[in-house]
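One chain, subunit A, links the two complexes that follow: it is found with subunit B in the first and with subunit C in the second.
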Partner chain A sequence: MGSRWIWRALAIPGLVWLALFFVVAFYAIVSVGLGNVTTLYEPVPHWNPLDWNVGYIWAALKSVVPGGDTWDTFLRTVIYVVVAVGLSLAIAYPVAWYAARHAGRWRGLILVLLVLPFWISYLMRMFAWTNLLADGGYATRVLHALSIDSLFQSIGLLDGNDWLGGQHIAVILALVYGYVPYLILPLFVALDRIDQRMIEAARDLGASAAGAFWRVVVPLSKVGTLAGIVLIALPMFGDYYTPDLISGSPKTAMLGNAINGYVQGGPDKSLGAALTLLLSAFLFVFMLYYLRVLRKENAA
Partner chain B sequence: MTSVAQAPVETRVATPKRRRRRLRRPRGLAVITWIYVLWSLVPVLLAIRFAFNSGRSRTSSQGWSLRWFWTDPVLSVRHDPTLWSALTHSLILAALCMAIATPLGTALALGLQRWRGRGSGPVNVLMLLPLVTPELVFAVGMFLLFTTAFGFIGLGTPAQVIGHVTFCLSWVVLIVRGRLVTIGRDVEEAAADLGAPPWEVLRRVLLPLLAPAVAAGFLVCFALSIDDFVVAQYLASGADTTTVPMRIYSQARNAPTPALNALATIMLVVTLLALVLAFLAFRFLSRGEKASATLERLATIDAGGPAK
Partner chain C sequence: MNEPSKATEEGLSRRSLLRRGGALAVTAGAAAALAGCENTTTPVGADGGGGGGKGILGDPTAGGPVDSAGIPLARKDYPVVMPRIGDPVASSAKPERGGELQIYNYADYLNPEVLKAFGKQEGVSVRVTTFDTLDEAFSKLSTGRLQFDVIFSTPDQLSRLIGRHLVQPLNFELVPNLQKNVWPELHSPFYDVGPRYSVPYTVYTTGIAWRNDLLGFDPSKMDQPWDAFWSPQAEKYRGKVAILDDSREGPGMALMRRGVTNLNTEEPELLGQAGADLKDLSKRVGVKVSIADYETVPAGRVLLHQAWSGDMIAGVLSYMPKGVKPDVLSYWYQKQGGPIFNDIMTVAANAAKPVIAHRFLNYLLDNKVSYENFTGYVGYQTPLTAIDAQKLFDDGVVPKTLNQAVVTHEAYANGNAYLTLSAEGLQLWDKTWASFRNG
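Entry: the complex of A and B
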């Protein structure tokens, strides 16, 4: 009896902290999104569910359906995230596969190099690209020397000469650059766990290299892959700083920019809160999936 | 894949030639991996290079100097009050976050690990929720909380510290629980059988064994706090609560000098120093475990989530 209380007492401060600053904070979004405003447009949260006012949620809902103010931004965000996640996967899978199974004596070094971006501030990594993609920057010059800019212009991927002036392609590649390290690591862990004998057994039973990969490696790494995808897709949906740094143009604004504009910049914090609620609802399934994976891994 | 194509594979299986084929290094994958590594790191190395420029350019190399770090009397990190205060404020936030989140998280991990039965399910979900919530949602919630219900705290440094502690807490719990699982209950039960009261078990047995995880917890809190942009920005109240990532964000598109590169470089060096320090502490505290295993464990600590 006595010993049990010691453990619960240890858990209490942390739980109270999370309840106060995480649960109540989320409830603050609900209360403001379902609340009202003063004559000066300052939000008045309605903490009591009986007083909820669905006006802002309704306005937010109407703005994210076709024809609404935020519809274009919403659609663009989904396209950006889908393309960026797809490209990230195309880069991360071979890299993680090589690092986990073929790197040999380079394995330690490669792992350190793959983890290094984690320790470099995300904003610094984006800022580095604003140096390189500026007019006269190294990347701009290399891309020009290789005629990649004119190639992109001719197929409509680049509009004008300014890589930092509202280019979809620049924002998508920046998202890939920013988030791909976070996908590589869970993939590395998932692929590293696969027993080499499973692959050899598949080959011995007559599967081609591609067949063994498709029917053994892919299914065995499915959970890690999906978890990695969710892991990078969730923050991408709330990203506003990447488009701000790499483009700064409303042409490339994402949902995060819209929410950020309402909550931090504009007078309509309540609409911002309502949009945040919609975003959370939209991402709920992904969050649940990731939560389940985390719980399984930590169920001891 | 037809059966005709499969047949020769089966007959080849046992031959030595086939063995060699299987062990051959995939050159293409190696090339892709090294190109990726270069692509991921060279831009940052160049940004660091420009910090040492003697000219004002951030897009090409112009000699070498420490002008942007120290010697320029107006524009250097040391002498530009906006850059200097961003640096000190980031470090203060990180220090406070480490000092609060690590003990709080360690205690929570110990408590949750022994909490069985009623209430343990929801409590574990609550602990994991901050890890799966998009940072923008979290930041908007905190911002609205501190401008409405918790208006007595308000925006500013205390709010920023609370925000950082809240998202670091779950990380510390994950790391410490991982270690608790590997320790197992045997030592603890042995101590209890020998008559040690729970408090003594905790102090003399569990905490020393947990020391490497606590060191890793400190490191992760430091790194997450230093790196965070969104929460710090939403909970900031003015110029003196600006952090380094916020300064980079507000100046990057605004004709910055290489002093901004210098500021980012200093932050990077500080983070890497913290990493080395934590590695040494980790090695020291987990003597007897293999160095490479230590490195891999430390490397994969941060595997869970992007932190801005």
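Entry: the complex of A and C
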């Protein structure tokens, strides 16, 4: 009886942390987004739900539908994230598969290499690219020597020859580069946990290699894959410094840039808070799907 | 001087404005009109957010409307005395000893050597905290959680800094260098008659900077140089064209391109056109938005940049890459009605070291210190009579191609400026900018 309470007490630090730094902080955003402003356009949070003013949420909602002020940005953000997550999966899955199942004695080394990017801050890694991709930068010269820039130009992926000059492709690749390590690790764990005998059994029962992969490995790694996708897609949706550093052009602004713009300057902080709430609601739908999959898996 | 009653209430709240404004608007307006030139700071007919109508002096851009703090909009032909909120430090007050002098400023906008020398002289350490934009600075300051001694800003921000009780009136006996050294036209500027709260820091123009060795055309030779950004020639330099990341400068440039001379217009149609023109710029040249012109243009990463004059001189002083001669930089600005203005220094209302802060203002207006700050690091000219910026060019420190980056008395007199707007006006400008900025 007593020991049960000890175990429960272990949850307290986490709960306090969550309450202070998430629930309270998030409620502050809610109160600003549903609040009002002074004549100096400073936000006045409405803490009492009875006083909530939906005006800013309504304005934010109107701005993210077709024809609204933020619609282009919203659409662009969704496309960037979907493409970047797809590319990340295409890169991360084979790497994780190799590391988990075929690396042999290299496994330890590969794991260390996979963790290596975490040693350097995301921002520093992005700053490095601003030099590498500048005119005359090493990466620019290599890409030119391999004619990758002209290839990209001919298929319309690169506009002009300046990688940092407001290119969609540069921002998407930067997102992939920045977040792919966060996808590889959960995938590695998921694939590592699959029992080798399951795959052998599938082969014994007549499945081809591809069939075994598709019908055994993919379903068994589904939860891990989804977790990885959630892990990288959520921060990508809120990212604003990657497009700022890699492009700096309004052409590639993401929803995070819009929120940052509203909150950092100008008289529309409440609109920024309202946009944040909308984005959270949008992402919550994905979370619900993930939780449902998780529940079904656990039930099975 | 048409001294207003001291505003002692807790802030210039909307309600108190309504109460006082209604009763006083008529008398105040009449008094001002009779006085002919003195403008009262009693909020005029403030209904919480400015409003249109002709100014008291019949100038449509001045007078009647007030900004979001309820203070009349200062214009060159409509000088405003700021309401005195709080008392300045006494002349006899002793300088505070030890500790840190806290400064809030843009990055790279003070010579570290100068700061070190001041700290040594006064026995304090000097610490600079930086902001990126004035909007950011205001929103952080207005939380009331930050504590600074000296705040750098611009005149158009002054009234809201005062309205929000963020700055304190100055005791000019502690800043004798203002009268002694500064350009006479800035001794009692129209945005702060007296002055009461501010001293000037630097003067600058906004113009066009370009790399004359890499850009295949000369914007200054065009009929309307601001059109350079929209020109077919510029389209060849996609991704290497940038404008300043500033909610006034961006739309302002689009306005000037269309020949609009009032840089403080609040006409929705004009700003709508400016917004559309800015978006067009994204399509044509994939325009970038940045305030790093002092670095990106010398480095050749941007070839055509809307720029501040001081940034180009700073570029020559500190940012030329190896092997690139400074005379590849060119600068143009619009001699009649182009943006030209000065930055200001103020003392924070909650300053812990108000006396040292005054002494710091005075120090930066010292002829020798100011010159060292200007030519040794910052690149922004200081409006001191003894400082002859032209001499920099004659001596070859700065190439002739940047000759127009010098700010003259004549230019200052003929120039235009981004000034305080009414609350609605400010929001209109910000919306225009945000809608472009978000793509």
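The working rule: the second predicted complex is superposed on the first by the 266 of 300 C-alpha atoms of A that agree within 3 Å, B and C clash if a C-alpha of one lies under 4 Å from a C-alpha of the other, contacts with A are read in each partner's own complex, and residues count from 1 in each chain.
In this section, contacts are C-beta pairs under 8 Å (C-beta built on N, C-alpha and C of every residue); 3 or more make two chains touch, one makes a residue touch a chain.
What you see is a predicted model; the values in this text were computed from it and never measured.
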Contacts of A:81 with subunit B and subunit C, given as first, second, both or neither: neither
Partner chain in contact with A:194 - subunit B first, subunit C second, else both or neither: neither
First (subunit B), second (subunit C), both or neither touched by A:216: neither
Most subunit A residues touched (candidates subunit B, subunit C): B
Contacts of A:182 with subunit B and subunit C, given as first, second, both or neither: first
Contacts of A:100 with subunit B and subunit C, given as first, second, both or neither: neither
Partner chain(s) touched by A:252 [first = subunit B, second = subunit C, both, neither]: second
Contacts of A:57 with subunit B and subunit C, given as first, second, both or neither: neither
Partner chain(s) touched by A:28 [first = subunit B, second = subunit C, both, neither]: first
Partner chain in contact with A:38 - subunit B first, subunit C second, else both or neither: second
Subunit A positions touched by subunit B in one structure and by subunit C in the second: 134-135, 164, 248, 264, 269
Of all residues in subunit A, those that touch subunit B in their complex: 2-4, 6-15, 17-19, 21-26, 28-29, 31-32, 43, 45, 47, 91, 94-95, 97-99, 102-104, 108, 110-132, 134-139, 164, 177-182, 185-186, 189, 200, 203-204, 206, 208, 211, 231-232, 234-235, 237-241, 244-245, 248, 256, 259-260, 263-264, 269, 272-273, 276, 279-280, 283, 287, 290-291, 294-295, 298, 300
Subunit A to subunit C touching residues, read off their complex: 38-42, 69-70, 72-73, 76, 134-135, 159-160, 162, 164-167, 247-253, 257-258, 261-262, 264-269
In the complex with subunit A, residue positions of subunit B that touch it: 1, 5-6, 9-10, 13, 22, 25-26, 29-30, 32-33, 36-37, 39-41, 43-44, 46-47, 50, 58-60, 104-105, 107-108, 110-115, 123-138, 140-145, 147-150, 162-163, 165-166, 169, 173-174, 177-178, 180-181, 192, 198-199, 202, 223, 226-227, 229-230, 233-234, 244-245, 248-249, 252-253, 260-261, 264, 267-268, 271-272, 275, 292, 295-296, 299-300, 302-308
List of subunit C residues in touch with subunit A within their complex: 14, 17, 48-49, 68-70, 132-136, 139, 142, 160, 163-164, 238-240, 242, 247, 282, 286-290, 300-301, 423, 426-427, 430-431, 433-439
